[in-house]
Amino acid sequence: MLFLLLLIPLAASLLFWTVKSNRKVINIINISGTSALFAVSLFILKEVLEHGKITSNALGGIFYIDAFNGLILFTTTLVTLLVSIYSTGYMNTEYDRNIVNHSSFRLYYSLLHLFIFTMILTTITQNIGLMWISIEATTLASAFLVGFYNNKKSIEAAWKYIIICSVGIAFALLGIVLLYYSAFNSLGNTLQCLNWQFLNDNAGTLHANVLKIAFIFVVIGFGTKVGLAPMHTWLPDAHSQAPSPISALLSGVLLNTAMYGIIRVMTIVNKNAGNSLFTGRLMIILGLLSVGFAAIFILVQKDFKRILAYSSIEHMGIIALGFGISSALSIFASLFHIINHSLTKSMLFAASGNVYLKYDTKKISKINGIIKVMPVTGTVFLLGLFAITGMPPFSIFTSELGITIAAFKEAKYLAAGLLLLFLTLIFAGFTSQMLGMFFGKPHKDHGIGELNRITPVVLLIILAIIAVTGLYLPPFLEKLINSARDIILQV
Amino acid sequence: MEEIAKILNIISICILISTFSLVASKRILSYLNAFRIQSILLAAVAAIYSVYYLVAEGKLEGIIIIFFMTVALKVIYIPKMLKKISLRVEYKVEKDFFINIPISIIICCGLVVLTWFTVSKIPLMNNGYNGIFLVQSVSVILMGLFFMISRKKAIGQIIGLLVIENGTFLTAMLLTSGMPMIVEFGIFFDLLTAVLILGIFVFRINETFEHIDINKLRNLRG
Amino acid sequence: MPGTFLNIMLQLIVVLIAAPLVNGIIRKIKSTIQHRKGLPVLQMYFDLFKLFRKDMVISENASWIFTASPYIFFVSVLTAFIFVPVVPQFFSFGFTGDAILVVYLLALGRFFLTLAALDTGSTFGGMGSSRELMISSLIEPSLIIIIFTLGLSSEAVSTSFQSIYSVAGSLGTGILSPVYLLLFAAIFIVIIAETSRIPVDDPATHLELTMVHEAMILEYSGRYLALMEYGASLKQLLLITIAANVFLPFGGNLVPELGFLIPVLIYLAKVLIITVMIALIEINTVKLRLFSVPNLAAIAFILALIGFMSGYLFGR
Amino acid sequence: MQKKLSEKQQEILDFVNSQVEAKGYPPSVREICSAVGFKSTSTVHSYLEKLEKNIKRLLAYSSIENMGIIFIGIGLSISAASYGYLLISALSITAALFHAFNHSIFKGLLFLGAGSIHYAAGTKDSEKLGGLIKKMPLTAIFFLTGSMSICALPPFNGFVSEWLTYQAMLLNIAAAGNLMKLVILISGALLALAGALAIYTFVKVYGISFLALPRSEHSANAVEVNKPMLSAMGILSAACVFLGLFPMLFIKLLEPVIHELGNTSIANEVSGFSSFLTYPLKVNNTSISPLVLLLLAFLLFAVLLMALLILFPKMKIRKYGTWDCGFESLDSKMQYSATGFSKPARIVFRSMLKPQRELEVLEGKKPYFISAAKYTVSTISIFEKYFYDPVIKTIMNFARKTRFIIQTGSIHTYLLYIFITILLMFVYFAISAG
């Protein structure tokens, strides 16, 4: 079962090369692959909800799913499904405009599925070494996607992306080595020592200080990938330069998987220390730093995709803060926030992609009257902005409120205050910068109407999801999040 | 084990020195040489381990494979490839560093000291050679990063990245005599692909920007 | 209950009779000190009587507001008097009077007074009402502070006149403490401002530049004018009553057995004292420029604030 | 309108909820100060009202002021809770919520009124209005009701909630610590000032736009608005009166909410005894009963009227022009204008409002014979000019600068960040470990 998760995208990404020049087939492979993936993940989710966890015995049981990575997996597959559907519309439009030729069209999908493969590998393995490998692999797989348009900016973005992420990741590897070393010292058993489940069970026997320094390296390493300030620097460039579906995947899924890695290590360290003081401080500081940086940049940003990118940094910061506070409420909220953020943000990137294709610019100042030109996209985009800035009734409001309240409950008044301040600034930035795009009349005639039929549908679906979850959390999700929280809290 | 540790210590010190020489060197070709030396020393570490296991426990550990891979990749293939790339894209030799050499050497010394200071806080590290090993390997990593910071050209950055990887491997081998096999393979695989992709990008940069001076890639700001 | 209503009746009658007298006395004192013969003390009664009998001229621009205002003004002041026991012995009403309520009843009266002034479209009216409103809004804060302070000093912390009076009654000579002296000074300024007396306003003037209250009622004549004047004097008596009962507490704790007459006489005596003070001040000061009234208000505010602080921050 | 304001209430409720949820006891000083901050802004805004000639904007300002009153109530309740006086805090929150509700009603009424003025006369500028009370009598009555309630005049609903707020303040002063005593007292004084200024404002609005002579043909040929509009306003003004007379009913309704917030019940404390006739609103030892108040007032009025009829039966009323100082034909141009009406306030609060005047004079043949003169006055909001704008400016400038300092675009700097972060983390580790 678990292997299906890996086989489907891998097979898909290979299958594309068999297709000669038939775009329809490619789209079919693409969508069927991701939907099959989603179906499998749903099935697995059911299993998880029933039995609590699934382990495959192959390769010394390095594949393992419990509520926590089940949650991440669910988000991943859901978002990938939606994004892949969206990207058929997107890429077709680009193809029709001869922005991409056939071979690069095929390359795109092949790499897309490879990218998905690596991310899923990250989520479902329990071997930290393997996790590291797959996270590094995500960088490599997506590097070409970021540099897809192969113009100056995109290449620069890709270079920065790959260099900075690889450097960061290398430090994560060092951290993992130290983790392994501490386990190796006390437990001796070789392969198991990278098995976070195993490490977690004997966390008490590990050496505290080694764990701490290992955690430092892991936070820096994976934090680079998550986009925590000040290691976030690659993120705006990559997100703004990649094709919109890829940006959606990057901020909707990739960041989560990296965050997942951090949290897995954090649980071990916390269990070993018996409290979350050391890790909590780091996470809170980095989180607040990220939110603050994001606030600064959003206030004066001129490029709407970059604004969205910075808001990804912000939300990763909020999530990190939530995990840093590490009370039951905050962790619940953070987990919920992960889902909300990936859905909302991918929706926004999708919408921005439509806008970009329509207006052929990323400059906010050059865009007017989206609502008139593209009714559905415009409306969804506008609502999405309110959602991402944490307005009710959308789900992000709920999770952000949860984190804030948790911060107050844990008597972290300074953190909470700063968070609220930054959120206000960010809201101000978003509204003052972007609201102008939606109204007024466009500078030149772009022709009324959506680009194609597919993309609006996707947007509306996501909008519906976030609106509903904002008001009512489906019980299975709640159960999932709760058990994931218990895993992280070690209760 | 004791004398093995002695030898390893000597080797790792040599690696450190080689890293210093890397930081001190000015030309891309000399980077490559320094890196090659470093990789050879790394391979030597692997070799020593494997030999030790062969002698002591009479069985062939997986670490021997690491030895071969290191030799194949880091000593032979990657430097060759990078050399090829640099010859292809390097039209003229120009100053390639922000910080001049003596100062960077001093900074690197500072790094070593800081690392030592930090590691000395870990009581576990104070027995045997582990502490020294950790100090050496971590400072190699940091110096690799510093090297990346201080060099303008793309090739320099690739090499810096590779040095960081080397340092990590060194840590792994010195402290734990090598990670589990599958992980090692994965890491090597990643490393290889990373270098390949970076190489391709160097070409792309070269053809779109007519140079590989990363410092001039500043279109995406703010 | 019937007893209460009787009380209220009596006290209303008392104040209705006493109110014009106050003006008369003030005028008399002024004239005597200025070595004039001056009007008789009872002059205002005659005026009111005459006005009530006279016919009226009403501007054709006026609306029903103009007609309703005199009644509302008069009645609101009179209603306020229901809640302000002129004699401390007279509480026994189900809901004892509340100071803030009284303040707002006066505000109600002012609201209609000023509206009516605007109603005829006469420039004087507009001028008068805008000035009146400015002055009152400057005075309001100090009034509230005074009420709060008094309310706090009663052991049952509340703004009911019962407890406010009880403070005064219980204090005896303690009334000479700085708190009360300061508050008294403050409330005195408030009275002067609210009753449009010199130095804030001159009841005798009919000069455009100076008049405030007069300007507002300029368009009125006959019965309505009478009601306005009467209401004004009642309002003045109301404020004087509060000041007198709170700050001149002697006789406050007399036994109710004394019946009705003696307490009323004591009360009138107190009122007389305050009246004399007002008169003396009115003689010895000149009218301020309209825009130096804020300074006066500021003084009142500062006095009240210091009073509060010396009572509640430094003191206990 | 209604909906919007009920949202406001909702938001306030949420605020309170989160406060109470966030901390078992809520911290006092910050909230109070925030509340007071709100208040003072509100006062300033009611200064502004007096100068505002556009009726709707004026109403918006006064909304700000009322929000200030509401937030004072919330702040009071939180501070009381932090000093452990649950009852007082419950009382304060009751006052706040009550006022929020009232505000929604009378402000809705006033906005409807302003809307129908705009509809009937075609302008919102009160300088162009006047004399509407004869043109649209019902609207006039409803607008008057609204204005009186917003000026917190008895016996309308605004008065009850403001009275409750005052009582809450008094009790809080008694309860609170020294600094808070002063803070609350000042906010009380500010509240009084705001109330008085509200009267100033609404007398101006009503007097200028409804009374006297029409100032333009706009209002000269205005007609009464249609029935649905009237009925809407009628219902709201009825609500104003009803809530003013029977506040206890609403407080009883509020009971569960208060109970949930502060888990103390208030209604029994507030009400002395609840015989329907006199519904006194009793807060310890003091109480008001708007209903009885009204009845007594009517009684007195009746008595007065009867007395007058008996004593002075015959009285003739003669209609005649307003006294025009002997000039001929006083016309609407000579009336007091809204600008003129608010002049004293402008002078008194000039330090806050910084009014700018300009007088344009068109000379006629001779310098002393002016053919036309135009006097315009404009004020700036001190908070915007001296608080919000500078803050925003500084933040934006900071952002603009730092943006390129942080995100320089050079990958070397980015790597340097990582480098420095690692070193700092080393230090942090060394400190936390050793």
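Letters A, B, C and D name the chains as they come in the text, with residue numbers starting at 1 for each one.
Throughout what follows, a residue touches a chain if its C-beta (ideal position, glycine included) is under 8 Å from a C-beta of that chain, and two chains touch if they have at least 3 such contacts.
Treat the numbers as computed from the prediction; the structure is a model and nothing was measured.
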| item | value |
| --- | --- |
| Far-end chain from chain D, centres as C-alpha averages | B |
| By count of C-beta pairs in contact, the leading pair of chains | C-D |
| Centre-most chain, if every chain is reduced to its averaged C-alpha atoms | D |
| Cα-centroid distance, chain B relative to chain D, in whole angstrom | 70 |
| Rounded Å distance between chain B and chain C, as computed from the means of their C-alpha atoms | 93 |
| Chain centre separation (chain A, chain B; CA means) in Å | 31 |
| Per-residue overlap in chain A, given as positions that touch at least 2 other chains | 159-160, 163, 167, 171, 209, 213, 236, 297, 300 |
| Overlap residues in chain B, where contacts from two or more other chains coincide | 118, 121-122, 145, 148, 157, 214, 217, 219-220, 222 |
| Sites on chain D at which at least two other chains make contact | 403, 407, 411, 415, 418, 422, 426, 429, 433 |
| Touching chain combinations (by label order) | A-B, A-D, B-D, C-D |
| Touch list for chain D against partner chain C, complex | 130-131, 133-134, 140, 148, 151-154, 159, 163, 166-167, 169-171, 173-174, 178, 181-182, 185, 188-193, 195-197, 199-200, 203-204, 206-208, 211-213, 272, 278, 280, 282-289, 292-293, 296-297, 300-301, 304-305, 308, 311-312, 315-324, 330, 332, 334-336, 340-345, 347-348 |
| Chain B contact footprint on chain D (complex, rising order) | 403-404, 407-412, 415-416, 418-419, 422-423, 426-427, 429-430, 433-434 |
| Residues of chain A touching chain B in the complex | 59, 62, 127, 129-130, 132-133, 136-137, 139-140, 143-144, 147, 150-153, 155-160, 162-163, 166-167, 170-171, 173-174, 177-178, 180-182, 184-185, 190-191, 193-194, 207, 209-210, 213, 236-237, 240-241, 297, 300-301 |
| Footprint of chain D on chain A - complex, ascending | 159-160, 163-164, 167-168, 171, 209, 212-213, 216-217, 219-220, 224, 230-231, 233-234, 236, 278, 282, 293, 296-297, 299-300, 401, 404-405, 408-409, 425 |
| Contact footprint of chain A on chain D as seen in their complex | 18, 21-23, 395-396, 398-400, 402-403, 406-407, 411, 413-415, 417-418, 420-422, 425-426, 428-429, 432-433 |
